[in-house]
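For reference, the structure I am asking about is given below.
When the chains are written out, they are named A, B, C, D and E in that same order, and each has its own residue count from 1.
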Amino acid sequence: MDYILSLIIFFPLVAGILGFLVSQNSIRIYGISVAFIEFMLTIILWIGFNGNTDGFQFVEHVTVISHFGMNYHLGVDGISLFLVILSTFMTMIALIGLNIKKDVKNLIISVLLLEMTMVGVFLSLDVILFYLFWEFSLIPMLYIIGAWGSDKRIYAAIKFFLYTFAGSILMLVGILYMGYLYHATAGVWSFSIPDWQLLILPFNTQLWLFGAFFLAFAIKVPMFPFHTWLPYAHGQAPTIGSVILASVLLKMGTYGMVRFLLPLFPDATIYFVIPIAIIAVIMVIYAAMIAYAQEDMKQVIAYSSISHMGIIILGIFAINAEGVTGSIFFMISHGIVSGALFMLVGCIYDRRHTKKISEFGGLAISMPTFATIYGVMLMASVGLPLTIGFVGEFLSLIGFYKVSWILTLLAGTGIILGAIYMLSLYKRSFFGEITNEKNRNLKDLNGRELAALIPLVVLVLVLGIYPKPLLEPIDFSVKKMIVLMEKKAVTQEAKEFIVKVNSIEGGL
Amino acid sequence: MEQYLYIALFAPLVGSLVAALFAQSSKNIFTGIFTSTLIFISFVSSIILLYYVNANTIVNVEMMDWISAGNLSISFGFVVDQVSVIMMVTVTLVSTVVHVYSIGYMEHDESFNRFFSYLSAFVFSMMILVMSDNFLGLFIGWEGVGLCSWLLIGFWYKKTSASWAANEAFIMNRIADLGMLMGIFLIYWNIGSLQYDIVFASIVNLDIKIVSWIGIFLFIGAMGKSAQFPLHTWLADAMEGPTPVSALIHAATMVTAGVYLIVRAGEIYTLIPNVGMFIASLGAFVAVFAASMALVNRDLKRIIAYSTLSQLGYMFVAAGLGAYWIALFHLMTHAFFKSLLFLGAGNVMHAMNNELDIKKMGGLYKAMRPTAILMGIASVALAGIYPLAGFFSKDKILEVAFNDGSYILWAALFVGAGLTAFYSFRLIMLVFFGDKVHEKFGIVPHEAKPFVIYALTPLALLAIVAGFFEHSFYEFTTQLLADYKFTLDHSVVINLIFATSAIALSGIIFAVYKYIRGGFSEKIENWRIYKLLLNQYYIPKLYEVCIIKPFATLSRFAWLNIDNKIVDASVDMIAKTICSSGEKAREMQSGNLSSMLRWMVVGIIVLLVLAIFYRPMV
Amino acid sequence: MFEVIAFYIFSILTIIMFGIVVFSKNSLYAMSALAGGMIFISGFFFLLGAEFLGVVQIVVYSGAVMALYAFGMMFFDTTRDVKENIHYKKILYSLSIISAVLIVIIMSAPIYSANIESLYPSAIEGVGNTQIIGLVLFTKYLIPFELAAVMLLVSMISGILLVSKRMDMNLTEKDHYEEKGEII
Amino acid sequence: MLEPISIDFAALNITTLLPMIITIVGALVIICIDLMTKELSRSFYTVLTMLFILLSLGTVFGFNGYSRGFFDVVLVDGIALIAQIIILVTSFLFIPLALGKRRFQEFAMAEFYALFLFMIAGFQFMVSSDNFILIFIGLETASLSLYTMIAMHNRAKAHEAAIKYFAMGALAAGFYVMSALIFYALTGSIEIHQIAQTLQARSFEPLVAILAGTVFMIGALGFKLSMVPFHTWTPDVYEGSSSALAGYMSIVPKIAGFVVAIRLFEMLIDSGVVWLENILYICVVLTMTFGNIVALVQEDVKRMLAFSSIAHAGFVLSAVLIGTTEANAGLFLYWILFMFANLGAFTMLWATRHRKNLWDNRYQHPFTKFSGMIKIMPAYAVVMGIFMFALAGMPPFSVFWGKLYLMSTAVNNGFVILAIIMALNSAIAIYYYMKLVVYMFLKEPISTDKDAYSSNISIALKVIIGFSVVITTISIVMIEPLLEIILNYITLSGF
Amino acid sequence: MITLTHYLVLSVILFSIGLVGVMRRKNLLMLFFSTEILLNSVNIGFVAVSHYYGDLSGQLFAFFIIAVAASEIAVGLGLLVLWYKKTGSINLDSLQMMKG
């Protein structure tokens, strides 16, 4: 168990490279098997994980560049554990649901590489290593979108790549500056997150560093007004690309916020809570409205992702255990739900080669199972209690309520607007008579698609009813982090803020 | 005892899931019977629990943890106390009837199995709603019934209007749910728990301002579910669903959830009489407002729906004024006679081949005598004529209003009572008596199957006798709920009763008198007031013009103009600027050696100029 | 006094000569003027007591370089004047004037410093300039000297190679040779 | 009378000359062999050249530290050693490109190899001296060889490139000597360390003259380093010369230029010439940005790489500006890592060299040529993709680490804004590198003729490509030892 | 009295003339003449400085510059011959194949 994290990171890489040897007709099953083994490895990790231990577990530490303080440093805690599992799980599901014949070998190898980078991002404790995986994740995604997407795929792929790259490159400067500050304070070079967490920075420095890191994460999330790459990427990407993009890649941004912004720059974070929350609220409402106006099924879900990410950000910037835990849980639930929705759209796209809502109507007649699963996911997406979507949304909002009730109220309109666009989408494509004869004889979901979707449906319900196994470890780590933040905060206001938002009583 | 609780709670779920297994297969009578049986089992368990609770043992169980994060810890906890058990009994009783009725009603529908699955799921959600021991559990049920209502209104999803109505209902409810969530947040951050008992125990310590806000937010939640103005439009549209659904959800149970919430949170509302007064005023307003729309409507089900709306207004008056047990009592009696009315209407619809325009009916009494009698009973009960159930409960509400000194409210309710009587009998008269207009359309009415009629008899019975349990009901519920003190003289009460009965009777008589002679002339249809009422005060239109359309326009604008032309274009513009500056800079690369050499000299000269004139500050 | 007069005369002459080189349309004039200018420059060298350099200047420039240029001109058939379309004359002349002014301004700064200690004294009693240069050249600057020899070798090789017949046959552009993979 | 001079032979420290002597001797040997027999194959000359380079490299490794030789004209200090190592290693790796499958005229001539070795010697002298004369002669030796070698490619474009390079080089030589003159007039010395002392002694007066000298030196070195606006030759010369030579030119002349720049400019900056610091700052930013934005709009891969090499040079020049030991280490580290990526990229272009411009009248390697390469030659596409991402500074490939180190140096020394500008420039840069990747991976192929793409590939090229791929990919493990060595050398020489 | 400054000014004037030539000349051969002027002008400066400081380095530098100038001519002419044989022109404007 000592090296399980390395194993988890590098297994897909090795399997991907070896995948070149596997012949085209067997590669799909190969990919699924690898993803399954990888998923099992993360499950083993979960089993071995001790939910009540401080700090990081399964830590590995090897010095790589000593002059520079760069280490191969891995570890996992409650915050990252489930994101790792989500990554491997969704990769597996996406591969099961894969329905592309063209150059499928390259595709599967890219997906496996992508899996490595995703897992790597969540498991890295060394910031340089984190950055390495963070940037590298762009390359396979570029290829996936650009090579297997629809008409404007190249534009979309380049936009995705450049936008996120441009954002993160500034983070690199921030990372380096942070490393410099650590060196100046501690006298040794270190880029390790646990080390950095102990570093107390003056307020002004925090502000600048916060900005550098925040921009990268904001673009990745993507926050308004940096979101415009996402609709293109989703709209053009193949199903598997959208699934992974929505379910995991976007979470890298919010994960970064939890992992870096909060514990490293507590004062700056608190200083920026309200402005960021305002942006998040704009994002929630604005994206929901745009989602309503869309004509393409996939774009609706893409914009709904933006809207939901707004609530996740709100939860994170609540700086209390409820909000942060909720937002992490919401990351997972959104990963599952939006992944499933994209897959569902993929199913219909495979049949009709269009995603235009106006082309559909009455699908519930010809494809009842499809409609049912879609309905379940839709309800999870609008946050119906007892589905996975509710828990995170509820906790995020309840957390932020303590910070500002009015913003929470405004963000809460997201649940109304969410219902509006989702239901109208559902109505327009599934209800009514069959208006387009092409939809008359569509086949309902086949075995492969069901195999991919049923586990998601089960998870949506099971985790909606019993989220405790996830919430508990997350909550434990989050609480530790908030204690740390309070200890580290240099300004009195920040300290008071943290105490205030974490205590019951008072406040409208 | 816990097992009864679990049986009562989960029997409908089991039924629903089993029916769901057959959802895509063709009609199977088994699902109907099976689910009905399970609901009946649930009903029996509820009765047993009622017995236990009557013996003063409140059942409270914690099933398992649900959400815990930070200080928040919520579990699936259920409580069976005086209030919830009443609700349970009412819900399961009506549900049982509706289930059995539906076996007949839906027999020709291809999605028979699916229907029962949804219907039982609804019962399950409703049970969670009433049995939960914390606000979030209530919220689960709250949203659950919303979902089932969405499914059931839109049950005939091929009809665009049905799915539109379903969405409208869901979205309107969501608006209210947000208010409720805000209330829940507020409770949590002030008390630290959402458990009823803890909340009610510590609510008194809170600042009255905060309590008021909690009350307001929770009431916003209730407004949506109970379709109070201005969130009322969905209820009439919800009549697109199958009639048993209207009977169960949109008359007897779900719409009363709002009243239940106010009653349940009575301990909060007693602290804030101002908010209570507001609730009562709104209720009184809706009572008249909805009744007035019912006066002219020609749609059989919509009339009943407006009537429901109006009756909900009555309940809110009671609840708002602190007479919780009365509100609950009216809720219960209303459930009986209103679902009876709806189910009767369902029979009529079937007989009329799903025709809903009452002007096209008439003279059905002969063909469908049992139904006519049942609906007659229900209408009399609704009108509040002694000795039927409606009399007791509705009269009490008027009494409360008078007692409270809110004479305006009383007057409104008084008028409402008259209107209620009138439209009820307008409906009866137009449907069952008068000319057989339907013959013009070639419709041959037929009575429903006997077992359907038999299924309705328990409701009819209860609609007649329920009122006599008033005292025991009072005794029972006030063990938990705050008592309401009447300060009126006995004589005043008697006078009030007479006045109310008089207006109800005169309403009935007027309707009978008028419609037996062929009704009003066509001219009134040109009256402005008639049009206003027929168009529901133009409120749906107003929503359409002021909210739905602008929202759609704004959304498109945001997408096409803001998102594409500003946000996205500005990003692209950065890229384009860089590229075009690249093209510009490229001109420097003319490839001509002379100009290349000149560039070098230019470089030197610029640097020399800088060398002479530029002295940086050190 | 002689020095002053000589300096100014040489200066003016050199400037005129080089001016002709730069501005003359006829390349023959330009070349002759260049040769003249070179010789006047050697005059400065003599004036400054660097006799060796003066001689080298005359030998190398007027002898070698000019001969090369003359051959070149014959080869290029420069009786046909190259049409010189000079673009952006304004820019050109303003650049020229600015550069001249700037450099002159800078150079009129008090660059000379009396405190400079000479490392390799140029005047030793009774020793000629050539001898001293020889001394320094073959001790201190032996390596640059040898490298200069290499450089000259390089330029010789280059010169020979570039004008040799081998460069006339363009192997790279002729498919024929490539396909056969043969090298001539 | 002139005293007879007695010279202690040991004091000459003749070993300092050994590496250069070997290369020069090698060149002479090749010429002699060529005189004797004409029948020899290019492979013989190539390998022989490689051997001489190896020998020279071996002697370079013999030094460790600061030594002067030959009346202090030759200075073998740490940076000279690293620079020599880089020059020799790069030469060693680039000369086998002569062994492509297709035959090119220049490689058939023994003179090419001789000139190649002479050029190496020239650069070696240039980096291992602080005497303006020796630097100048070294520079000219190398440049003249280079001009000839470019022209030997013997196509119209090659000739054009050589003439352009030559003419501009002559102007740059003028700038160089002018600068030397000014410094000489100011200090009476042409050795950098003495210039430094004398300038200190006269407390940098008159500053304007010193600055003028610096300006001309910026012009001269800027030409070598292709600093804006002295860069205009770069794309044309790269395009005109063979890919092999173009790749070589993007590495070696520049490292030699950097060494001189370090010697002179850092001396001045350290002495508190803030002017130069600011001017260099501007130049660095300008060069980076210009290179990047123009590379953005290129249609030809080689020209794109040329502009990108301008940008890279600008990036690295920031190390001279920062001027700390760390920064200099960063400079060399970056250049070594850049060398491998660049070697790979240009070798790939070289491998696709076709006798005619098949895809475009104007360009040999237009982007469209690489369309859909992943479908025709997947391995080729992946490898080229790796090189592109490496050059773009994508982790975990080689140049990223150099970039990281340099940016971190900038941050550590208070040049945060510079670091941000560098970061933004990387963001621009990624676009044009990615453009090639986009063409290779995302577009449909325009021709499925494999041979058209592998016309020049041979074992030698494959080995070189494989080698650079491995180094580029696993560079993360090389950083530690490399830095160790570089820092060791640099601290020895006191920069 | 002629001072060092006189010589230096003369030197830079000649240098400027050289620059003008470099920028102006379209005949490649004449362009090479101009580069000779550049080097020669600097030579005057070197010798003058050498004279006034009594230091030999300047003279040696001038000596090497002459050597460099000579070898540059050889290579330059070689290139020019090559070009001329190819295109029949020594006009600088004929070098326009590559740009952009």
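Going forward, contacts are C-beta pairs under 8 Å (C-beta built on N, C-alpha and C of every residue); 3 or more make two chains touch, one makes a residue touch a chain.
On a predicted model such as this, the values are computed, not experimentally measured, just so you know.
**Student:** For subunit A and subunit D, which third chains touch each of them?
**Tutor:** Under the touch definition, subunit A and subunit D have B as mutual neighbours.
**Student:** In terms of touching chains, how many steps apart are subunit A and subunit E, taking the shortest path?
**Tutor:** Minimal hop count between subunit A and subunit E: 2.
**Student:** Identify the chain whose mean C-alpha position lies nearest to the mean of all protein C-alpha atoms shown.
**Tutor:** So the chain sitting closest to the middle is A.
**Student:** Out of every possible chain pairing, which has the most C-beta contacts?
**Tutor:** Answer by contact count: the chains C-E.
**Student:** Where the centres are mean C-alpha positions, what is the separation of subunit C from subunit D, in Å?
**Tutor:** 28
**Student:** Between subunit B and subunit D, what's the gap in Å when you average each chain's C-alpha atoms?
**Tutor:** Once rounded, the distance between the two centres reads 78 Å.
**Student:** Just give me the whole-number Å value for how far the CA centre of subunit A lies from that of subunit B.
**Tutor:** One centre to the other, that is 36 Å.
**Student:** Where the CA atoms of subunit B average out and where those of subunit C average out, how many Å apart are those spots?
**Tutor:** Between these chains, centre-to-centre, one finds 100 Å.
**Student:** Residues of subunit E that contact two or more other chains, please.
**Tutor:** 4, 8, 11-12, 15, 18-19, 22-26, 31-32, 53, 55, 57, 60, 64, 67-68, 71-72, 75, 78-80, 82, 93, 95, 97-100
**Student:** What are the residues of subunit A that contact at least two other chains?
**Tutor:** Correct list: 162.
**Student:** Can you tell me which residues of subunit B touch two or more of the remaining chains?
**Tutor:** In subunit B, the residues touching two or more other chains are 575, 586, 589, 591, 593-595, 597-598, 601-602, 604, 608, 611-612.
**Student:** So which chains end up touching which?
**Tutor:** A-B, A-D, B-C, B-D, B-E, C-D, C-E, D-E
**Student:** Please name which positions on subunit A make contact with subunit B in the complex.
**Tutor:** 159, 162-163, 224-225, 227-229, 286, 289-290, 292-294, 320-323, 325-326, 329, 362, 364-365, 368-369, 372, 379, 382, 384-386, 390-391, 394-395, 397-399, 401-402, 405, 408-409, 412-413, 415-416, 419-420, 423-424, 427, 430-433, 465-468, 471-472, 474-475, 478-479, 502, 504-508
**Student:** Going by the contact rule set out above, which residues of subunit B touch subunit C in the complex?
**Tutor:** Checking each residue of subunit B against subunit C gives 594-595, 598, 601-602, 604-605, 608-609, 611-612.
**Student:** Enumerate the contact residues on subunit E facing subunit D in the complex.
**Tutor:** 4, 8, 11-12, 15, 18-19, 22, 28, 31-32, 35, 38-39, 42, 45-46, 49, 53, 55, 57-58, 60-61, 64-65, 67-68, 71-72, 75-76, 78-80, 82-83, 86-87, 95, 97-100
**Student:** Please name which positions on subunit B make contact with subunit E in the complex.
**Tutor:** 586, 589-594, 597-598, 601
**Student:** Would you tell me which residues of subunit E are touching subunit B in their complex?
**Tutor:** 19, 22-26, 31, 92-93, 95-100
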